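Scrolling down, you'll hit the structures one after another.
What follows is chain A paired twice: with chain B in the first complex and chain C in the second.
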Partner chain A sequence: MSDVTIAAPREEDVHRAGRFVFWAGIALLVLWVLVPIWFLFVNALSAPSEVTSFPKRFWPSFDLASLQFFWNFQGVTAALWNSVKVAVLTMVLSIGMGAPAGYALTRFDFPGKEFFRILVIMTRAFPLPLLALPLAVMFIRTGLDDTVLGLALVHTMLALPFAVLITFSLFSGIPVELEEAAWTLGCNRLQAVIKVVLPLALPGIMASAVFAFVISWNEVFAAAVLTIENRTLTAFLLQSLNVSPLPLKFAGGVALVMPALIFIFAVRKYLFAMWGIANR
Partner chain B sequence: MAEIVIKGVAKSFGAFTALHSVDLTIADQEFMVLLGASGCGKTTLLRIIAGLETPTHGEVWIGDRRVDHLPPRERGIAMVFQNYAVFPHLTVFENIAFGLRMAKLPQAEVTRRVTRTAELMHIEQLLKRYSGELSGGQRQRVAVARALAMEPDVILMDEPLSNLDALLRLEMRAELKGVLAESKTTTIYVTHDQVEAMSLADRISVMNGGYIVQADRPTQVYRNPAARFVGSFIGNPPMNFLPAKRSENGRWQVAGQDFEGPETAAAEFAIRPEDMHPAEAGLEAEVRVVEPLGPHTLITAQVAGQPFRAVLESDRAITPGEVITLAPIPDRIRWFDPETQKAIA
Partner chain C sequence: MKSGLKLAFLATASALISTSLAAETLFWSTQARPIEETQAMREQVLAGFDGAVTFEPSDEGPWQTRLEAELQAGSGRIGVLGALHGNFTPLVEGLADLSAVDVSAVAPGFVELGRLETDEQKYIPWMQASFVMAAHRDALEYLPEGADLMALSYDELIEWAGNMHRESGEPRFGFPAGPQGLKHRFFQGYMLPSFTGSMVTEFRSEAAEQAWEAFLELWTHTNPASTNFSFMQEQLISGDAWVVFDHTARLADAFNERPDDFVAFPAPSGPAGRGFMPVLAGVAVPTTAPDMDASMALINYLLEPETQIATLRATNFFPVIDVELPDDMPPSVQAAGAAIAAMSGADDALPALLPVGLGALGGQFNQIYADTFERIVLARQPIRAVLDDQAEALRRLIEEAEAPCWAPDAMSDGACPVN
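Right, the complex of A and B next:
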C-alpha cells in the first residue's frame, strides 16, 4: 500500500459505472440472440393474416394454421425425414471417428501429433462452397450424389473437428492413473477404456454427439448442392423460399430452429468442455 | 514365492537417462523402500516393475518368470497410486471388487474378499459410497484395500502417503506396516520421505541420478552410508563433512585436530551431528545459531570455515558467538574418498 493518494473518482461511482456497462453489454447480447427467435415464434404461431400486420403483439395468438399449412405442404415430411437420417448418420460417423481420435491425441505421443491437430482444425478453414462443387462432381462419378450417405459424409467432415476437440478435452480431464490402475487390476487397454474411461466421459460424448447432430441439421449449402430428390429440410426450404408464402417460411424456420435450440440447451454444460473448461 | 530380480535395467526418455543399468534383488516378503529426491528415477523403476513403463535395457523377474515383456495384468502385481486412482463411477465395494471381477471369481468369493479387506482397512461402513463422498484418507484406504483384495505376489506403492496431512500420514504409516507384514506379500514402496523409509523398510534402496547408491537395512544406511550422498541425504540434520589432510605421522589433520584414519592418499572426514559431545579437546566450533528442540539442542556452527551442525544434550546453555569444543565419538567417524565420493571401509 502506498500512502500517496491520487484524487481518484469515488469508489462508489466507479462501481456504478462499471455495473452499468456490464449489464448493458449483457442486455445487448441477450437481445441479439432473442429478438430474431421471438420474431420467428410470434409469426409462426400467429394466424397467416397477422404475419404481415404491424405492430406485432408480444404474445402470439397461438393460431396453428401456419404450422398446419407447413406440415401438409408437399414434400415437407419427406425432407424432415431426410434431415433426421442425415443428422443421425453424421452423429454416428463423427463420434465413431472423433472419439477414438480424441483418445489418441490425449494418451499417445506419435510423430506428427501437432500437425494432425492443426490438420483437424484446417478442415474448417476451407469455405464449403469451395469444396461443394468438386465434391458434387466426385459424388456424381462415384454414385454418392443425392444420397443420405453422401451428404452425411460431408456433414461428418464439418462436425468431426468439433467431435475430436471436445472428446480430446474430455479424455484429457480423466487422470491416466485411473486407466493404469485398471491395467494393474486385469484390464487390457480396450477393457480399461470401456470399463473406466467411457463411463466417465459418456455425458460429454453424448453432448458432442448432439452437437454433431445439430451441425448437420442446420447445414444448408452442401445439402442444397449435393441433393436433388432427397432434399433435407434446410435445402427444401431454401429451394421453395421464393415460391412459398411468408407464413410457410416462418413455420419452416421454427421447425428448423426448435430441435437445435432444445438440444444445445440440454447439453450446454458439456459444450464448454471444448474450451477446456472442466466438465465436472 | 515372489522374489524380484532386476538385472541391468536402464530407461531413457529421448536424450534424458532416467535410470542407468540398475541391479537389485528383493527377497520374498521383503519390504523394500526406494528412497530419493524427485527425479532420481525411483518412480520410473517402480513403473517398470509394474509394467507401466518399458525398460530400454535389462530384465525384470518376478518369482521365476521374466516379466519385462508382459502387460501389467499378467505380472501378479497390484499397485497403489499417489493420487489413489479410486474409480469415481463405482462404489467402494465395486472398486475393491474390480480386479476380482476381471479375474472372473465367483460372486461369493468376491463378496468374501471385499468384506475381509474392507474390515482390514476399517472401511466396511463405506462400501456403498462413491469416491466423491470420501476424504483423502478414506480414499487411500480404498486404494490399499483394492490392491490387497487381489492377493498379489507383489504390492507396488508410489508415494501412497504423500497426499495426506501429517497426522493422518503417521497413523496410516503404522497401519500399513502392520497390514502388509500380515499379508505376506513382497512390497516395493517409493517415497522421498526418509522418516517414512526408515520406519517402514526391511531394506532401503537410496537412489540418486538414476543409480541405486546403496541398498541395505535402515540402520546400516544410516550408520554406514556407502557414499557421501547417502550421508548428506539421510538424517535430519544430515551428516557433517570436513576436509582432511594426511599428516607426516600417518594420521589425519581435521580442523587442526589429529585423527586415526584410513591408509589412503586422500579422504574426507564425516560425522553425524548427534555423534559428538562437548569436551576439553576436540573440533573448535564457532556457534552461529542455537535451536532448542526440547530433549536436544540443535547447534549450527562453523568449523574450519565449513558449516557444521551438532545435536547436543539440552542441559548446558549455549549462546551464539560462543566457541565450543566438540569431541566426535571415535567409532562413529566415517571417511569418504573425495574422488569417488564412496565410503572408505
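Right, the complex of A and C next:
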C-alpha cells in the first residue's frame, strides 16, 4: 500500500476492476450451484423423448410422466417418511451428545483431551462398507435391525465428529467472561450455560444440526444394509436410479434433492448465523 | 419436567424400535434393479403368487453384506435370493440345498451350474440373457459390400465402423467401457474365444495378440466417450453411438422406445468361431431363511411357464425352461430373441461359459480382463508385454482357485493351464 500515492489516479480503476472481479466471482459461484439444479428440474419436468434429445431445452415442457411414475412407485412415500424420521432423530442425537462434548472440550481441561479430539475424528477413518457387516450382525442379534432408531444411531456416529468439532469452535468463540458474569449474578454453572451460552450458540448449533440432517439424508450404504422394510429414500432410490433410464434418473434426482432443499431453505437463517459467529 | 422428557423419549424410542413382524417372504435380489423392472416384478410377476412377497432389489455390495450378516447372526429375514451365477459362488456355505425342487424342465447345463461344484443344488436357474450387437438403421447403409448383418465377422465390423467414421465424420461405434459397463464380458466371452477358441488357456497366445490388435483398430472408430458408457441403450437413443455391443437387458429401452429405428444382430465371428456368452441368473435360499416352505413355494412359482414369460416381459431376461413365447412380446424381446437365436444357432457358434470354479475370486478374474483392456487400449502399452504380465496374474489366480477349464477351453486335469 506504500505506492498508493503514486498510483493515486488509478485507484478508482483498481476499485472498479476489483468490484467487477468480485461480482463476476459471485455470479460464477451462483451459476455453478444453480445451473445443474435448474437442468435437473427442466429434465424432470420434460417428456422422456425430450430428455434424450439434443439440443437441451431451457424451459421445461411440464410433462409430468416421469415424476408421476415416480410418485406412484410402490414405497416412495413410506421411504420419504422414513428418511425424515431417521434424519430428525440423527439430528437430535448428534446435537444432544455433540454439544455437551464440544462444551467440555472448550471449557474444561481433562487428561486425554487431545487424544479424545483425535478419537472423535477417528470414527470417520473407517469406511462404512467395512463397518456395516459387524454392525448388521450386532443389530440383528439385538433387535435393532431394520429399525429407524438403529439406523439413526449409525448416522449419529457419522455426524457426531462434525457436531463435536463445530460446537467446540462455537463455544470457543463465546467469551468465558460472560459465563463468569452470570455466576457472579447468582447463576450456577448449568444455569449460566442454559441462560447465557446457549442462546448465543443456538444459531450455530442449529447449523450443525442441519449438517447432521444432511449427512443422514445422503447416506446410502448403511441404510441399504441395515434396513429392509424401513428403507430411507436414499437407500430406496439410489441403488435403483444408477441403473435406470435417464428420464427417471432426473425425476429421482428431483425427488431426492427437493426435500433437502426445502429443509435447508427453511433453516437458512441459522446457517448464515453460524458464519456470522464463526467470523467473530 | 425432566422425568417427563425422559419418559417421552423412551416412548418414542420403543415406538421406533418395534418392527412389524411380517409373514411376507423377502425376495432379496441383485437383478431387476432399474425402477421400471422392479415395478414390473412386483406388479406383474409376483402379484400372481399365492403368498405375500416383498421384492427388494439391492446393489451387489449391500446385497452380499446383508446376507453375510444374517448368516453370521444365525437368523435372518431374507427368504429367497435372486442373483447372477457369479454372485452366488462366494456364498456356497450359506445356501440351503434345493434338490427337492423339480428342475426337470430346466436345461441340464444350467442345472449343473446351479450346483456350484457341490453335491447339492445350491441355486435354481431363474432366467438367462446374453450380449448382442445393436445398430441404428441409418448405420446399415455403411455396411461393407457383401457383408451379412446376421453373420458378421470381426473384420467386417471394423470395416463397417471405419466406413461410418470416414463418411459421417465421427466415430460411431459404441462400447460399454464405463464404470458400470460390462466390457470384461466382451473380452472373456466374445473377442478372445472368437480369435483363440479359448478364454483362459490361450490368453497370451499369438492369436490373442491379433485379437487385441483388431480391437485397437476398432477403438480408433469408437466414440472416445465410451469410457463413460455403461448402458448402451442411452447412447443408441441419444445418437452418440450407431453400432453397439451390450447386454440384452441394457439395450431393451432403445427397442421399446423406438422399435423401428434399431436392429439387433449376433456378435461377430473371428478365426476360431463366433464366441458368445450366455448369462445365467438363479434363485437360492439362505440357510437362515425364516420360512423354508414359503421360500420353496416361491421358487416353484418362479419356474412356472407363465411366470417365466412374465419375468421376460419385466426384465428382458429369457426363460430357462422350454416355453412357447406368445406373439405379443415387447419389441426388445423380439429383436434380442432373434439375435440370440441366430448367434447360438450359427454354424460357427462357440458358447463361452461364465467362469466356473473360481468361487470368491470371480471378481478378480473379471478385473484381469478389464486391466488388460485399460493397459493396452487406454494406456497404449505394448500388447505382448501386457499379455505376458496379465497372463501371470491369471495363472496365479486360476491356480489359487484350482479351477479346471470350462468351455470353450478343453477340459483339464487340475487347474486350467495358462500357456
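Here, the second predicted complex is superposed on the first by the 211 of 280 C-alpha atoms of A that agree within 3 Å, B and C clash if a C-alpha of one lies under 4 Å from a C-alpha of the other, contacts with A are read in each partner's own complex, and residues count from 1 in each chain.
The working rule: contacts are C-beta pairs under 8 Å (C-beta built on N, C-alpha and C of every residue); 3 or more make two chains touch, one makes a residue touch a chain.
Quick caveat, the model's predicted, so the values are computed rather than measured.
Placing chain B and chain C on a common chain A by superposition gives a fit, with no clash between them.
Shared-chain residue A:196: touches chain B; no touch with chain C. Taking chain A as the reference, the larger set of touched residues comes from C, when chain B and chain C are compared. Contact with neither chain B nor chain C is seen for A:94 once the two complexes are overlaid on the shared chain. With both structures placed on the common chain, the touch criterion links A:175 to chain B but leaves chain C unconnected. By the touch criterion defined above, A:216 reaches neither chain B nor chain C. In the superposition on chain A, contact of A:85 is made with chain C only, not with chain B. Here chain B and chain C sit at a least CA-CA distance of 20 Å once the structures share a frame through chain A. Shared contact residues on chain A (touching chain B in one structure, chain C in the other): none found.
Those residues of chain A lying in contact with chain C across their complex are 48-49, 52-54, 69-70, 73-74, 85, 89, 129, 132-133, 136-137, 140-141, 143-150, 152, 221, 224-225, 228-231, 235, 237, 239-246, 248, 252. Within the complex, the chain C residues that touch chain A are 13, 16-20, 22, 26, 33-36, 38-39, 42-43, 54, 56-59, 61-62, 65-66, 68-70, 72-73, 75-77, 180, 231, 233-234, 237-239, 253, 257.
Interface residues of chain B facing chain A in the complex, by the touch rule stated above, are 50-52, 71-73, 77-79, 81-83, 85, 87-89, 98-99, 102-103, 146, 150. Against chain B, the residues of chain A that register as touching in their complex are 175, 177-178, 180-188, 191, 195-196, 199-200.
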